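Some structures to go through are shown next.
Same chain, two partners: chain A is paired with chain B first, then with chain C.
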Partner chain A sequence: MSSSQPRNWKALLLSHEMLLLYVLIAEWLFFYFAGTTVNRRGVTVGFGTVDRQFDILRHSCEIGLLALALTPVIITAGIDLSVGSLLGLCAILFGKFWKDAGLPIPVAAFLALGCGALGGGLNAALITSLRLPPLIITLGTYSLFRGLAEAITRGAVTYTDFPAGFLFVGQERWLGLPTQAWLFFGVAAAVWLLVHRTTFGRSFRTIGFAPEGARYAGLPVERRVAMVYILAGLIAALAAIIYTARLGQAKADAGTGYELFAITAVVLGGTSIFGGTGSVHGTLLGVAAIAVLKNGLACLPAVMRLNAAEDMSGLLTGALLLLALTGSVLPKLLSSWRAHRPAPAPSAPSPNPQPSP
Partner chain B sequence: MPAAPLLELRRLVKNYGGVRALRGVDFELRAGEVHALLGENGAGKSTLIKTVTGAHEPTAGTIAIAGQPVTGLTPKRAHELGIACIYQQPALFPDLTVAENIALRLEPATASRRVDWRSRRERAAQLLARIGAAISPDSEVRSLSMPEQQLVEIACALGAGARIVIMDEPTASLTQKEQHLLFAVVRDLRKSGVGVIYISHRLEEIFDLADRVTVLRDGESVGTRQVRSSRGDEAGGPGLLTARPEPAEGSAATLTEAELIRLMVGREVAQIYPPSESAPGEVVLALRNVGCAASGVRDVTLDVRAGEVVGLAGLVGAGRTELARVLFGLTPADAGEISLRGAPVTLHSPQDAVAHGIAYVPEDRRRHGVVLDLPIAHNMTMAVHRRLFPDRWLRFGAEQALALDFIRDLAVKCAGPDAPGGSLSGGNQQKVSLARWLATKPKLLILDEPTQGVDVGAKSEIHRIVRRLAKDGLAVLLISSDLPEVIGMSDRIGVMRGGRLQAMLPGKSDPHDVMSAALGQGT
Partner chain C sequence: MKSLLTRLGLAAALLLGSVSGVRAADPKLVVAFLPKSKGNAYFISCKAGADKAAKELGIELLFDGPTDSNAAKQNEIVENWITLGVDAIAVAAENKEGISTALRKAQKQGIKVVTYDADSMPDARSFFVNQATPEGIGQTLMDEAARLLKAEGEFAMITASLTAANQREWQKHIEARLKEKYPKMKLVAVRPCDDLKDKAQSEATALMSANPNLKLIMAICSPGVPGAAEAVKQAGKTGKVKVVGLGLPNENKRYVHEGVTDSVILWNTGDLGYLTIHAAVSLAKGTLKPGAKSYTAGKLGSFTIAGDNILLGKPFIFNKGNIDQFNF
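Take a look at the complex of A and B:
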């Protein structure tokens, strides 16, 4: 929450975000000690190398961007399942603008961003005009966007041979960090300010807690809802460009399944799926916790022998998410149990003879 | 009658938290009687029904059924004891047939799994015939009219061997003809020895149908009167006691509408309310034949001046909240003209209304008035984002200052500006809701049931605040179902009924006149 007053220290140290930070540190330390080895030539390999850390960062950027896109959406008590598909569509359109239309890379990127915003705008228009649940609407556009991407490429075309200047964005370092990390952190800062420091963010929360209450307060509910979906589309398009630059190719199945990882990261970060509560820094921690887990597992010798990194990371991510959800619900459950217990059980052993009418 | 009454309530009390909904009700229902229950909105009628049907447990007092005291009543047990309730909106399954609906109510859940369709249908036909209803047991409930559905409910009640039938405003959505049909069935029930508790706002129905009437006021039974000399005349004979609105000097046995209304409103009015000190200024809000088909508001013409409190009285469903929603742009008007300070305006959204200086403190505090999960400060600044944060960046200092000002000014009892709205009592939540709108510096303030569910102390505080605001030149439209309040607080009183402005009365009017207009009698 963006409360201005410093809350008491105990509450701060036990907040969801802090607990997640402890988990992240524990995770990281575990993999640092268990996942780092020295090979036969005496070179340190595995988790504890700077290269590996940058690799984790590089691979987290696209899902991280989608998670950032989804945070305001989920704070308004909405959901957007279409961001992964929109990433694929925007990647294809970007490749087509550059290769088939012969446009310079910056222009193609700009147009791709516009298409992302349009895709988000389609979600927004449908959600605010049809008044159907966002889950259903974006389930529809989830298939629609991916279908369009497949149709444009006929499932066969892959755009490659991008110039080195563009690949720099996805594969090189700038000022010590992977280039795309700068974009990612820039977007993170912007979304953080939007959610925590502007009246827009305040409106998102109000809508998430009480959509009718927001309307009665004179807030422009439709416009704000539209805003979060358009923003999500825009960020998905940026993720598409970074994805293309990292892999050096734009293909129709780009970003498949990313939306689920992103939603997991947001919820793990403490944003309530029912809307209202949540934070952007929580989302960042959620993204990091999942990324470290996934990459760290791949570095464990035992897991490497079994070739089970994928399965294990899925399993542990799920367990971590359920644990976080349980943790967030537990205080409420406990207090409701306590509230119910002292009732002196006035059960109804009605002692009166039944009057037969 | 030597036999014990079917139902007897003694000193029945029901508290919801700190709110006393029933504060001592005595009520008696005899076999073969139609006993009407009458009272203003919030007098405690629904609470009374809920305790009798076992939905809520009374806090104190006794319920006796056929002479036997009953405790720990549950809906299931009430059903077993022969209590049935027919609501305004029948609670049937629309996709099932009449016979299936009746079977669902009457067949025990543990019955054998085999369905005997023939006996089901036969029993349904039998029950429907008993009340003279021409409804096929095979028709889907969806295809039935509202009164037909009510008849199915009555058939269910009969089939369950109900001895006590409660009817909650059964005629609210019926036509004249349907109403006659229903009355015939009620008279049949009476003849067969069933006791009927009949709730209605329509006095003529009570005079037409009831044997006795009990009036509730502020959760207390204030009197039971004989409507007709019960055994004397035949059912339906309207001759003896046709309604006459004059407070006639008739004999003690003759009950008049005037006496009933007097019982409903009580006598102690206009004592604690702060006096009006302001001279009305320019016309702030002018409505000319305003209507909204979607919400049932029709042909409302009304002026509200600066410094004036105009009350809106009426029964639930009279269209007062609907009118407020029109003025706040939630359901825009589709007829007539709305002017603010002489200039015609269109109000298509709450944003339009806010831009024109209209503020609306809604009736449903917890859903609309206050966002319970957000801090008080956020709630108070919610409608003034534009002014307080002109460049969209939140300024926590300014927000806290505004909240602290209002907390002090309205004496909000809270832990501080960061306490969530849900942590406050009803009266203090109402003050937060009020502060949100006062922060917009409105020209017109619409208050919808501002003191409903608020304790006595906070109530008079809110009254004083409203008076002070009017004195400072605000135009106030006060919607209230609390008759003494709307009379005591208002400079003028508009009475609504059926979406229309039925009457415009001066302040400090006789509550009798207000209630008469609200009930659609005379004036």
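Take a look at the complex of A and C:
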């Protein structure tokens, strides 16, 4: 026991999540020192301000929610490309329920959440009944949901003029934090408990690792997989409401491309794209690492002058992801290389054989 | 690990040093300039004028925008500028209401806001630099058509749609000018092209065969101008049926050089950027205040202010002589 203790510590300190945490801290410190300045009026501005930190939180809530929604999906070896489009559709429906149907905001929000669950249910039904790869099914619903959003608004209607009480959710602070952060943390805690602390959630990994095995073991695989997609739809709808409150508008292009950021965050957080392994806290770290990188870059004077914050954050996020993937595969490669390497023989020819004249 | 950390620390310190060095020696006014999308040639030509103004005024100009027209990204960029504590922000709004929440937040923090090209809600900015009034566009188009026809003969109009608000507004001013000044000219038809070049071309072809005495086609939506020109060219009526319209120089250059299209009307985008930056800087310095009746912007001279709109003034006419100087 005592001999294995240090090894466990070492394993923990070098685990994917811890490494990601180091990267996050390094990023944060770097931007804190390089991205904070005092402006002409003598006010401290840039990365190292509380406002900035809250902005990072506010800007990452929707993508963070989608990443949380995708974590169980990817753990079960699935994928959902439609969450960004579903966000757009739910935002439009929410706006329509409130403005065109004249429903009170809470009712409209409740109905929008229901529509999100229905959208996720459509994915679930197609995936479990047709037994086609989720990639193909959700690629279809990715276009379908966005197309519906554009059809409903004919690409032109934008719902605005939401009441201040609703905008509070996206633009103000409650108990010291941006209001939507509370919702985000609540969902994060719930998904964490589901995935890591319930037998129900733990079965996701079994399903992702070996679906047939799980089936033989008596797990209701189809029903569990369906639940995961419905949950994803529900969370996407919540993200839609937060998005609408943050911008004060619901438009058909809401959340375009968000699914890719969310998948990036999940994979960066250590969840295997082949399913079977992954963690919710890893996803949260992945979201934070991307958000800090993106927002921090925008605070660097050098980057600002080149107008390159957007492009550089894309580039560096990609690099970070590739680095993380390489890092996760490298130990396996090394160990398999070691296993296949012939045992070093001391009598082997010298390492640098010089041709003798 | 340790050496890596030291190296990282060193890199951070170096960067920090260089950064604060630049800042300390550089207490310039900072104005941020937001286009609808930063790759769009139209906005790049606006930026050329903005850069000129920034150089003259000795300020630092930040230019950033979404790579595609994305209202959410515009808000994020503005919020970024707020925490950077810029002195003024100039915005071409992708979405009127959406951007206003961010702009109001900026104003609350003492940042001056102007809009250009596309306005936000009026309470979210001090001034809108208005590139063209409907009246100015309508009158210039009609005057140009009359000049080409020597104020006599039949002409037809191609619009985007018969219901679009801006198109109807322009049409109203064109017809008013016609009635008031050119009694010998006659508007024989107005046809919609749904903002499509192909549809404009087939409508123009139909207009020419239905009206043998047609002397000119006026297109008041940008795809309509090259569409009408293509129809005239294919009908072999170059010079006999003239084409004028509201559009972008690049998509009309070919027809202007071939003599099919005579004049393309828009505003000078460089001047728009130049005026916008001048106005933003004057606001930040307190030399331009709400309620002013006119404003003098550097080399361009004086501009009228109507309410809270700074008017860029008369539209600009692109023709054979000058169209090659513009690239958007």
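Throughout what follows, the second predicted complex is superposed on the first by the 335 of 357 C-alpha atoms of A that agree within 3 Å, B and C clash if a C-alpha of one lies under 4 Å from a C-alpha of the other, contacts with A are read in each partner's own complex, and residues count from 1 in each chain.
Here is the rule we use: a contact is a pair of C-beta atoms (placed from the backbone, for glycine too) under 8 Å apart; a residue touches a chain by one contact, two chains touch by 3 or more.
Since the model is a prediction, treat every value here as computed from it, not as a measurement.
Residue contacts after overlaying the shared chain place A:Gln249 against chain C, while chain B stays out of touching range. Counting the residues of chain A touched by each of chain B and chain C gives the higher count for C.
When both complexes are overlaid on chain A, the residue A:Thr206 reaches chain B alone and has no touch with chain C.
In the superposition on chain A, A:Pro220 makes contact with chain B only, while chain C stays out of contact range.
Touch criterion met: A:Ala298 reaches chain C, while chain B stays clear of it.
When the two complexes are overlaid on their common chain A, residue A:Arg131 makes contact with neither chain B nor chain C.
Of the two partner chains placed by superposition, only chain C is touched by A:Val38; chain B is not. Under the contact criterion defined above, no residue of chain A touches both chain B in one complex and chain C in the other. Contact residues of chain B toward chain A in the complex are 65-72, 74, 77, 80-82, 161, 163, 328, 330, 349-351, 353-354, 360, 362, 367-375, 378, 382-383, 385, 389, 392-394, 396-397, 399-400, 418, 436.
Residue ranges on chain C touching chain A, taken from their complex, read 8, 12-13, 15-16, 19-20, 22-23, 27-30, 38, 62-64, 66-67, 70-73, 75-77, 79-80, 82-85, 87, 95-98, 100-101, 105. Chain A makes touch with chain C in their complex at residues 26, 29-30, 33-34, 37-41, 43, 45-46, 49, 51-52, 55, 59, 158, 160-161, 167, 171, 243, 246-249, 251, 253-254, 256, 295, 298-302, 304-305, 307, 309-311. Note for the complex: chain A touches chain B at residues 2-5, 197-200, 202-203, 205-206, 209-210, 212-220, 276-277, 346, 348, 350-355, 357.
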